[in-house]
Amino acid sequence: MNLILILLVIGLPWLGAFIVLLAGDKHEKLQHVLAVAFSLAAGAAAIMLLPNVSKAVVISLPAGTVFGNFTFVADGLSVFLTIIATVIGSLAVIFSTSYMHGEAQIGRYYAFVLYFIGAMAGLVLTSNMLLMFLFWEITALCSYALISFNNDDPKAVRGGIKALIITSVGGVGLLLGALLIFVYTGSLSYSAILGGNASLPANILAVLAFGFLIAAAAKSAQFPFQTWLPDAMEAPSPISALIHAATMVNAGVYLLARFYPVFKDVPYWREAVMVVGVLSALMAAIMALVSTDLKRVLAYSTVSQLGYMVYAIGAGSVFASQFHLFSHSIFKALLFLAAGAVIHSVGTRDMTKMGGVGKKLPYVKWVFIVGALALAGIPVFNGFWSKEMILEAGLKGGSIVYYSVMVFVAGLTALYTIRAVWMVFYGEPRSDYHAHKVGLAMKIALAPLALAAVVSWLAVGRFSLLFGANSLPFHNIQPFGLKEMFHEVIALSTLIPLAVITLGILCWVFRSKLGGLVKAFNWMRWLAEHSFGFEGINTGIVKATEASAESLRTTQTGIFSWNLLAVLGTIIIFFVLFAIGA
Amino acid sequence: MNSVLITLGLIALPLVAAPIIYLFGRTSVRKQRLLGMTLAKLLTLLVLVLEGLLIYLGVQVWVAGGSVATNIGTIQVGLDGIGLIVGTIAVGLGFCVVIFSIPYMENENGEEKYYALLLTLIGSIVGLACSMDLFNLWVWFELMAISSYFLVAFYNEQPASLESGFKYLTQSAVGSALVLFGIAILFSTTGSVAMWSVWSNATSGTPIVYAAAALIIVGFGIKAALVPLHTWLPDAHSQAPSGISAMLSGIVIEAGLVAMLRTLSVLAQTHFPSGIILLVFGCVNILAGNLLALRQVEVKRMLAYSSIAQVGYMLVGFGVAILSSSYVAAAGGFFHMLTHAMMKGLAFLAAGAFLYVLHIGKGEHTALVLDDLNGAAKKYPVVAFLLSLALLGLGGLPPLAGFMSKWQILVATAGVNSTLMICIVIFVALNSVLSLAYYVPVINRLYRLNISETAAAGRSISWIMVLPMVILAVGIVVIGVWPSLANFLTFNAAASLMYPFGV
Amino acid sequence: MSNFPVAFIVILSIISLAGIGFYCLLATRNMIKVIIGLQLMVKGVAMAFILGGNLTGQVNLAQTMALTVIVADTIVAVMGLALAVQVRHRLGTLDIKALSTLKR
Amino acid sequence: MVYVLVAAGILVCAILAIGSKRLLVSAIWLAATSALVALMFYLLGAVQVAVIELSVGAGLVTVLFVFAINISGEEAMTLKPVMPKPLAWGSILIAVGLTIYLAIQSGGLGLVLKASTETPEILWSDRYLDVLLQIALIFSGVLGVLGLLSEGKPSAQKEDQA
């Protein structure tokens, strides 16, 4: 059963991608229908995997020699992320039918979306490191292709290539890890090292652990690779919701969570993971505070929230991290789709030109506010529970310094969230925009997400069962019901983050009276607007590479004599070496 | 069919058929009739099919436990693992190129010479891979060079084409003189040119034997485009007719590499540090090739520079193989040779198709620049898709063939238990990422909405041109999804290469 | 007189001949002169073969190889000359500096 | 001693061939080099190939050079070389010196020439594959030369043909 389902989850979207492409751009309606049908079918197949979660290898295709066996496992972690990918994928596709209506080359768009959904499912379902790397790169390729979907816009093309290059640079870490696993265990299956049977030398394990950390940081847009995600916002909004909020960026967190049992004892690894998480969360939150582009604010907040997840893993609570991933996928997809609806309707992403949109789009306003409350960590919404669990875990598993920074970031989160909501939906219109109506498909896609953002935390008991010993070996996560959650979250220490969050909101309410304080932090604002220099480092690397390429090109003089002198020079170098050796 | 006949047929068939093809073609040029030319094309295809059949029969003899080798006089020739893979690539790619050339070269002045020389070129590569005698190897190598000179300078009314032809000719000739020098030294010191007796006689590495090895590396290295001996390559690849560019990049430079490896394996007992030398050249090639391609605006020239980088991957594979006696690395090197032939062949054919419909078909000989490709997917969706596929494969994105061969090379490299090798893995992988920076923008251009004026005014593409590209593309995808299909070819070749090294 | 290294004199002349040929390739700007340089280099190589044959007592073997070398090289020279003639015809000069339009 | 004289002669002729300002003179010095190389072949015992070198190297090739020079015309070679001359001869000297050094290191000084004891036989006795391949070499060479020298047909004629 699982065998067929896994094949369906990966195969259906890929087949769909092919068929949509074949349908041709002249039959746009048909393409919309096909894309929705295939993504929904994949989502259904993924949900049907849920009752059959097991740690057993389901498919094993021998590929021979250095390629290992192509294996797939439907364990708890995999199935959970598969469902996120396919279900949110379906919603994004439904949303697109109205958002992308009438765009050119819609076939290419859907083909890549479906290709991505299949690849993302494959990435989490496989247990072969080669396949994992393969799917990892395919998701990067799809992300690139969709960011630069509008090929005529140089900004979109640049953003896409930047995302591809940075995530591929990180991919080198994963590649190296996969190679080393194969070399030292003779197998490409990750259970070879997770099982603890293979004794890797300590230094190799360290290379592996930090290699994977680099890969994860690049994929999840963490420090110091965070710069690609804001630029990826040139993508159509459903893509931002699906790839750059709910699924692909989670692959890094998934990688860390998957290998946590072997890496946790590597010296300094957990410390490094926590530092990466804390720095990303803090810097991104500050940048979100000063940005005026709605989608960029959401992108920064994604980086920040992913920072929380990474921090949780470093602190030793894989469960809290995955639970926040669950909540975040829902509320961030909701926020991006709602933002997409706003942008589609208003025609700009600049918040300084919006204002008062709420009056014209009340439905969008309310679902956006639901998402915003969840993001800010206001009680009862799903973000509150998972964020509190992470903070509790951080208090137990890491230094108090990191904990206080993360609590501070929680306050900042509340501040920038309310700022965004205010600038978009309230006040008077600040420019002469004309708000279109929001399509029905958009509303249909938003509704389940809004509902889930309110109630998804109730499923914590069911959720924790996915991570039990039978469905997820090596991790030893105990069942964790609502009772335990109440017990853990409703504690005295919860009051501190809640107080800070309230303080954050109050800061916005009394913003006019805090002018002096704002001025005092102008230098910080300047730093944040320049992305703390990381953009500069990126540009520097690109410029240096291009300059060296350009100077190397001058060696191709095209003059025959110089070409031959190079030949003679090579001979001389050889002979000198031999003469010294002899 | 016995093995002697197979061997003789394999090396003699193309060379015997080439003059006949020329004569057929010539009659139609004289009498202005098309029949002869058509016959010539069909005969070329037929010979290639027969060659494929002979290779297949040879493999059958092999599998049954026999060896496909024979002595012609004192010269031993035979189909071993290296011969098998190089022969397969040459014949297979040659077949695709011939089909592609039917519309591409139609009514060009000298069409009949083109097919005759193309067949000679393919035959010489097969012969080179089958030769077991150092001097005979050089003769095949020279035949390969001589038959390709005119093919490179085919458009002899174009100054640029003549220029590239002249540089190619002189630098090749210098290379082959250097190789000969090396062979002469080995002959003087060991008293033989038969590979196995040189192998058994050359047991101590006197400085002059090392010098001979260096000359041979540099000499063959000119053909194999080792940096800094590569300078002829971008000119020749960009100016030759596109089918020939595909041949040059897909197999001719690799034939130089194979000849070099054969010769180095003969010197296995002298402790000549060939492994480390190949590794160093490999790394330099990868970096220089990528950087040179990065800012290039001519499509074929960019592909030519990327060939330099791709040869670097093979060199890394072979270097690791020799350095650490690793089968997997050698097989990876050969695997990359195979996948590169398919990917670069496809890329050059697709670029050639664009060049043809946008420029050459109209009688213009301007270079195809990136701007010409803007929005080309709108008008030529199939070719644009195939070109994107080839470029993504070259950039090492899965699940295409190029990723699998690079993976195999990297697995073997990481398998050598040393920090240096881990650094090389990281270096190679980062360079793969760097190469995306020039492959991917091309794809972006293809899918733009605003079509360039040149592309909008292009002619339609004949299906005969598309057919060989589809064949290659299917190969790329199939090998990418099921990489162990190529194991028979690659591991036998690795066994033949590593045997003299005592592995 | 028997101690006089006759064979070494031949070696010296071989290496020098090849060197002179290579120098011609580097220093000249005339296409036909380039072919002359190539010819000189290959003559050195042919001598190396014959010397090798002499030293190892296999003059006949060396002769066959030298013959092939001479033939092959003559063909290359002829093709080079044809190319030079064609270049002169199309560009009106034999200067290799005129042949440096393909660069970068 | 005759070896020294011939060797010196070869080098002098070669230097004159590359040093000459006129192409025709260069070609003639090349022929002289070739003749002396043939003499060296003879001294080393390679009688048959000496004859061939004399006829092909000194004869045929020179004729071809003269033809080519006649067609393309004598061009005054007063242009300065692309590369600084000292760089060219400096690197050549280094390369040649190193080669000689390596030859000496390998015992090149102790080599002794042998008087040929083999009976002369048909040249290609046991290497007829090489010789057969020469036919292929000549074939592709001829095709190449024909192709390189061919005049492009006027395009109008091409249209007729199609």
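Order of writing sets the chain letters: A, B, C and D. Residues in each chain are counted from 1.
Criterion: a residue touches a chain if its C-beta (ideal position, glycine included) is under 8 Å from a C-beta of that chain, and two chains touch if they have at least 3 such contacts.
Predicted model only: the values in this text are computed from it and were never measured.
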Two chains sharing the most contacts, counting C-beta pairs only: C-D
Most remote chain, CA-based centroid, reference being chain A: D
Separation of chain A from chain C, taking each centre as the mean of its C-alpha atoms, in whole Å: 63
Length of the line joining the C-alpha centres of chain A and chain B, rounded to whole Å: 41
Intercentroid distance (Cα basis), chain D paired with chain C, Å: 4
Whole-Å gap separating chain A and chain D, where each centre is the average of the chain's CA atoms: 67
Multi-partner residues of chain D (at least 2 other chains): 81-83, 88, 91-92, 95, 99, 102-103, 105, 108, 124-127, 130, 133, 137, 141, 144, 148
Where chain C touches two or more other chains, by residue: 18, 22, 25-27, 29, 34, 51, 53, 55, 57-58, 61-62, 65, 68, 72, 75-76, 79, 83-84, 86, 96-97, 99-102, 104
Chain B, residues touching no fewer than two other chains: 135, 139, 142, 146, 149-150, 153, 156-157, 165-167, 170, 174, 207, 210-211, 234-235, 296
Graph class of chain-chain contacts, one of line, ring, star, complete, other: complete
Complex contacts: residues of chain D adjacent to chain A: 81-83, 87-88, 91-92, 94-95, 98-99, 101-102, 105
Complex interface listing, chain C residues touching chain B: 18, 22, 25, 31, 34, 38, 41-42, 44-45, 48-49, 51-53, 55-58, 61-62, 65, 68-69, 72-73, 75-76, 79-80, 83-84, 86-87, 90-91, 96, 99-102, 104
Footprint of chain D on chain A - complex, ascending: 559, 561-562, 565, 568-569, 571-572, 575-576, 578-579, 582
Chain B - residues contacting chain A, complex: 166-167, 170-171, 174-175, 178, 207, 210-211, 214-215, 217-218, 221-222, 226, 228-229, 231-232, 234-235, 288, 291-292, 294-296, 328, 331-332, 392, 397-399, 403-404, 407-408, 410-412, 414-415, 417, 422, 425-426, 429-430, 432-434, 436-437, 440-441, 444-445, 447-450, 482-484, 487, 491
Complex contacts: residues of chain D adjacent to chain C: 3-4, 6-8, 10-11, 14-15, 17-18, 23, 26-27, 30, 33-34, 37, 40-41, 44-46, 48-49, 52-53, 56-57, 60-61, 64-65, 67-69, 71-73, 75, 77, 79, 81-83, 85, 88-89, 91-93, 95-96, 99-100, 103, 108-114, 116-118, 120-121, 123-127, 130-131, 133-134, 137-138, 141, 144-145, 148-149
